[in-house]
Amino acid sequence: MLGAAGVTDPAARHSDALLACVAVSKQFGDVQVLFDVSIALHAGEVHALIGENGAGKSTLMKILSGYLPPTGGEIVFDGAARQFSSSEAAEDAGIVLIHQEFNLAEQLTVEANIFLGREIKRGLFLDVKTMRARAQALLAALETKIDPTARVQDLAVPDKQMVEIAKALARDARVLILDEPTAVLTPKESLVLFRQIARLKAQGVAILYTSHKLDEVSAISDKITVLRDGRHVITAPAADLTEHDMARQMVGRDLSELFPPKLPPMVAETVLEVAGLSVPGYVTDASFHLRRGEILGFAGLVGSGRTELMEGLMGLRPSEGAVSVMGKPVHIRSAADAARLGLAYLTEDRKGRGLLLRSRMRPNLTLLALDRFSRILIDEAAEDRALDQAIREFDIRAPSRTVAVGNLSGGNQQKLLLAKTMLIEPEIVIIDEPTRGIDIGTKQQIYGFVQRLAAAGKSVIVISSEMAEVIGLSHRVMVMRLGRITGELEGEAIGEESIVRYAMGLDSMTKDHRAEDRLHAAR
Amino acid sequence: MPRADPSLPAAANPPGRGPKLRLNLHLLGPLLALILLVVLGASLNGNFLSPANIANVLARSSFTGIIAVGATFVITSGGLDLSVGSMAAFLAGVMIMVINALVPQFGVGFGVIAIGMAVGLVLGALAGVGNGLLITRGRIEAFIVTLGTMGIFRSLVTFLANGGTLSLNFDVMDAYRPAYYGTVAGIPVPVIVFALVAILGELAMRRTPFGRHCSAIGSNEQVARYSAIHVDRVRLLTYVLQGVLVAVATLLYVPRLGSASSTTGVLWELEAIAAVIIGGTTLRGGYGRVWGTVIGVVILSLIDNILNLTNVVSPYLNGAFQGVIIILAVLLQRSRRATS
Amino acid sequence: QDKTYTIGVSVPSADHGWTGGVDYFAQQTIASLSKTYPNLKFVLATAGDPGKQASDLEDMVATRNIDALVILPGDPDALTSPIMRVKKAGKFVTVVDRKLSQPGVEDLYVAGDNPGLGRTTGEYFVSRFPDGGNIVVLRGLPIPIDKERVDAFNQAIANSKIKVLASQFANWNRDDGFKVMQDFLSRFPKIDAVWAQDDDTAIGAIAAIKQAHRENQIWVVGGAGMKQAIKQVMDGSKLVPIDVGYDPGMVGTAIELTALKFETGLPMRGSFIVRSPLITQANAAEYYHPDSPY
Amino acid sequence: MPRADPSLPAAANPPGRGPKLRLNLHLLGPLLALILLVVLGASLNGNFLSPANIANVLARSSFTGIIAVGATFVITSGGLDLSVGSMAAFLAGVMIMVINALVPQFGVGFGVIAIGMAVGLVLGALAGVGNGLLITRGRIEAFIVTLGTMGIFRSLVTFLANGGTLSLNFDVMDAYRPAYYGTVAGIPVPVIVFALVAILGELAMRRTPFGRHCSAIGSNEQVARYSAIHVDRVRLLTYVLQGVLVAVATLLYVPRLGSASSTTGVLWELEAIAAVIIGGTTLRGGYGRVWGTVIGVVILSLIDNILNLTNVVSPYLNGAFQGVIIILAVLLQRSRRATS
């Protein structure tokens, strides 16, 4: 259905672009992050913007949608140079941005968020009935079952993203800009989104889209622009770029195979044994074990309770069940208990649970491992050394060491979070969505890092909604469904189809439920 | 609710037992505390439930009540106003002076009172504008601004009264008295005004964009800004509303004793904030409910009333009983919520 | 005389009507004395709590070079030690109204009579209720002054048949007088009289009594001699039959006496007691100053 | 004014030219206000800069100063303690009663004073534990808990003093007096204690895990919890620290006036909170600096001092001047930051 809109030659329509920026640059303090970037968006066209973490994608999108003023260059909208004084002005013109970071008022209901600032009124009063009905309709179109009267703070991360998308759809956009909308979505939900994008495109909406999932990019976009270090590298029809090309343009060199070959798992003792763990309301009776040097994947659909299981295990949620670490039964009542036993957990919610956005990198990095840096007083020099090392080891690209973490690009925040978690040198590390928002080059580094950890005798649990990641990394995979562990796969048996079978429940396993097929169908 | 994919669990509602029940108990928390207090009062003194006593308590609640409705909006949007008590004293003082000054010329009549009222309301709004502009334009913490204006208003009224008491002209007082002591259909006028303000406030909070914007700003200012809400304007409006409501409270206060002095309205700000929080609004902003505030105000008034209706161990310990009851009233809500 | 003298005046801030009167009279006296004696300078400070008042004394000594101090100590026990320090610094000290906890600190003592106020009132109540009566007491702020008055009152009525139904703090404040009285009226069907201890409180109490239409059954005694109350006594009100004076103007007397020490060079020493007189319809005119704010 | 980056509040590093310069001005804001006040004072009265006056001002800042250091931790971790003033009165009362009771048996001596001090410190810690547990275990808003305990402590001291004043035995007073009036190397003892507390506080805030944990909790409680911080324990500790520091302030207060009554420590809580905020700590938590608080306290003390240095228009207007200066002091920092 997407193909119906057709793709025209981009060069021919450059002049009649709906929204364009010409030679735009942007400086934060002394640091320039965009250099003379030009890009043109056309009605009825999906334009993808790709680049490494910190390349300036989000910044460019914010400039296009009036959230940030450019420090140079101009914005052309509808054929005329426009200076949007604020995001309101841009939104009034029909330019809508879905932020990379959540942009929802947590204490308000889903419906209130969707219509925030654009409430429908009857007389003086809100027309709650109409808004609720429309919200319901929008959410239904997105194939989610989110209750419009639920408070956003009670939603899971992917559901929040769907609300965010619904909010944007409610605003009658002429230009829709989406900043990594699928980073927190599973393939199934992504497909729903892509159908909406196709619908809007057919209606003549111009769409700018960014993602680190290059398969998606080549599946849905008509045109692709690559940014590297704040500079425009290339704009080309999607058909002309393979995923491999994209990656090379982004990184500036050829990338080797994404997943390094798996090392055979050591034949070693069990370091973690979980029996009958339940997290009331989320997980029932989960049992599994983890061996030294092993990478254990956890797969499942959104809402299958993987996060809650691990949070229960880590003492971050009330849970019951038997846990033993290194053969000794333990009671983990808090993250501190877990840390003492050598367990670390990297949260999937880096903004809400992972990082202090207003603080700098240094206090964030050492927060979890602070006792390693202090007798009575904190050794700030040692902290600085740790930061140096983290920046090197995880390739964190920050404009300066003193920048507030909230001003780092999303991917670099994720790297910092990873560095923070690893700083306690855990024996067992649980990584929830490790590469969320990470560019393809860095992904590779992270995979390599995980494998080195395992090779060094540490044990790793990887929760991921990216099937390829679970398959490519894990020695063994546990699959969850509806809060229960429904399957275990090992070695050769690990494969997309087998995982999906367990994740969906065997009986509902039919061909067109398969994520990969959907992706192709969308194209 | 249509389910798009039967293989997925219900997304929004966690599968735990009875989310509805939990919600209701959270909602009913302050009400429960109120009911317990009423039962306590009734068991301690037979006159507690007499219509006269109930009318007294409610009428007295009306001043801080009306102010607290305003405070609900201020706090919901993440602000604070410490100046309300002194502002009330100041407005009352000016109103009295204006009316007294007009009487020689215009005689005693409704017109003079109306002018006095109008002056009070306008001045209240202006005071709110002052607070609001210092906070939004000046970018100064609301705590500091309103601590400052609290001192300023209090000083001004002391200065105007020359350290003493400003008293309303005795003849005007007679004409104005019904505004506090009068009843309509057996209900004291201040209670009616309070009820009106509360109902309008609840409607505004729950059913108007303004109310929503207040919670959005209190919940996350940046999100509000990104959602095309004029954050500064809404925030300013909450302080203006607060100022106007302080003036409304003053309109009812003046006819009660016909005087204003440096002791008028002392600690009303604490009472108002406490009522707002007891009612379930969060001090950090983002969520507010006016009806809860109303119950909070009545709870606080009842505590005083009950202490006056019984012989406690020693009047020196009044404050201690108040403190304990306030904490218990809130603890009750919390633990109910936790165990349900 | 060419030599100039500085007199420091420290009084409590106007936190209720009576202290408002004190502040007023202090300012008036200072204004008129400054005019009469150009070589006298005055430093006036008002304090809301004992700590601030002690600080004011320190500031007067350290920065204003006072020669004499006139002080109405908010809390005499707390201020004894700071006043002793002023004395030790060689200043002339006049204490007003309240007795310090150590004897012999002050040069001059212009004393009010708080127990006297309670006693006089109590005696009046006894005289009105030879066969007993039900009364309620509205107290002031929980500070020593209030206690002295209430203790003396209780002593005066100890051997009578008067029954104190209840007593509660009304903070020398009209609003609190109103509230507490409203509640007492709901609680007690039969009240014969109210001791409100203060005329402001009495005004609040009277408003509540009138609201309940019981003004013909109850009478009220306030205290401190506020002009509105004295006017009512003068007019023969049944509701307010008497008042008991407690003149905030005593601070003015103290300032004048202190000024005279410097102007006349006379040795000023000793105590002047300002009585708490019973003000009845017969003598009310003596105490009525319509121009005073209090 | 350049449009601020909407993606983050201006907190850590606002964009625009010269982030370094701006940072310094933000840092130096309160200091600047202090310097201006000192210049004002010196120009008004020649004795202002006399060692005696400076010693006086600093010595009397020490009470609220020491308390405000504690409040900096409480507020940084997102809490609030309204009970400190009443707590000080209560602790002073108990200390005096204990000492007076021991004198007949043990005579006047350092031992008796030491016991009194120990009782004060222990009781202060316990009071802090009480506040802290109600807040962390009871899950009640800090505002409500400490409003309640504020009433309770105030009542208790009134009750203990039987409505009057508790006075320290006069002979003990003589022995104890140097704790306030004494000097070491010319510096008053309370100033030395205050300086010590401030230095230790600044170190604790900036260089210990405890300080880091406080700001982490105040800035995002969830992040703190996920970072293996015992949120409730740290929060409890801040209240205990606050209680202990209130006790330390009381140890210096008792020898100054030798008494405690219901008026002791009134409004210290407001003064302490105001000092903390003037000093640059954010009321919503997440960022705190002790040295700023120290400057805030001194600024507040100086305002009183300066008002005593000159004859202002009317003493009734003192409060207005205070209010204006407080607002100006903060406005100055803010606009400096904005325009630089």
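Letters are used for the chains, namely A, B, C and D, taken in the order the chains are written, and counting of residues starts over at 1 for each.
In this section, contacts are C-beta pairs under 8 Å (C-beta built on N, C-alpha and C of every residue); 3 or more make two chains touch, one makes a residue touch a chain.
The UniProt protein names, listed by chain, are A = Sugar ABC transporter ATP-binding protein; B, D = ABC transporter permease.
The structure displayed is predicted, hence computed values, not measured ones.
Novice: For the chain pairs C-D and B-C, which is connected through the larger number of C-beta pairs in contact?
Specialist: When the contacts at B-C and C-D are counted, C-D has more.
Novice: Centre to centre, by mean C-alpha position, how many angstrom separate subunit B and subunit C?
Specialist: Computed value for the inter-centroid distance: 34 Å.
Novice: Could you put a whole-Å number on the gap between the CA centroids of subunit C and subunit D?
Specialist: Inter-chain centre distance comes to 34 Å.
Novice: Measuring centre to centre with CA averages, how many angstrom lie between subunit A and subunit B?
Specialist: Chain centroid spacing, subunit A to subunit B, equals 44 Å.
Novice: So what's the Cα centroid distance for subunit B and subunit D, whole Å?
Specialist: Chain centroid spacing, subunit B to subunit D, equals 29 Å.
Novice: Could you pull out the residues of subunit A that touch at least 2 other chains?
Specialist: Subunit A, residues with two or more chain partners: 67, 87.
Novice: Could you list the positions in subunit C whose residues touch two or more of the other chains?
Specialist: 14, 23, 27, 142
Novice: Would you pick out the residues of subunit B that each touch at least 2 other chains?
Specialist: Residues 158, 162-163, 222, 225-226, 282, 316, 318 of subunit B each touch two or more of the other chains.
Novice: Touching pairs of chains, which are they?
Specialist: Taking the chains two at a time, the touching pairs are A-B, A-D, B-C, B-D, C-D.
Novice: Hey, which residues of subunit A end up touching subunit D in the complex?
Specialist: 28-30, 62, 67-69, 87, 316, 334-336, 338-339, 345, 347, 352-360, 363, 367-368, 370-371, 374, 376-378, 380, 402-404, 406-407, 420
Novice: Hey, which residues of subunit B end up touching subunit C in the complex?
Specialist: 45, 47-48, 50, 52-53, 56, 60, 158, 161-165, 167, 181, 256-257, 259, 261-264, 304-305, 307-309, 311, 315-316, 318
Novice: Given the complex with subunit D, which residues does subunit B contribute to the contact?
Specialist: 134, 138-141, 143-145, 147-152, 154-156, 158-159, 162-163, 221-222, 225-226, 270, 273-274, 277-278, 282-284, 314, 316-324, 326-327, 330-331, 334-335, 338
Novice: What residues on subunit B touch subunit A, complex-wise?
Specialist: For subunit B paired with subunit A, touching residues are 1-16, 203, 207-209, 212-213, 215-216, 218-220, 222-229, 282, 286-287.
Novice: Report the residues of subunit A in contact with subunit B in the complex, numbered from low to high.
Specialist: Those residues of subunit A that touch subunit B are 67, 87-88, 91-92, 99, 103-108, 110, 112, 116-119, 121, 124-126, 128, 140, 143-147, 150, 154-156, 159, 188, 280-282, 301-304, 482-483, 504-505, 508.
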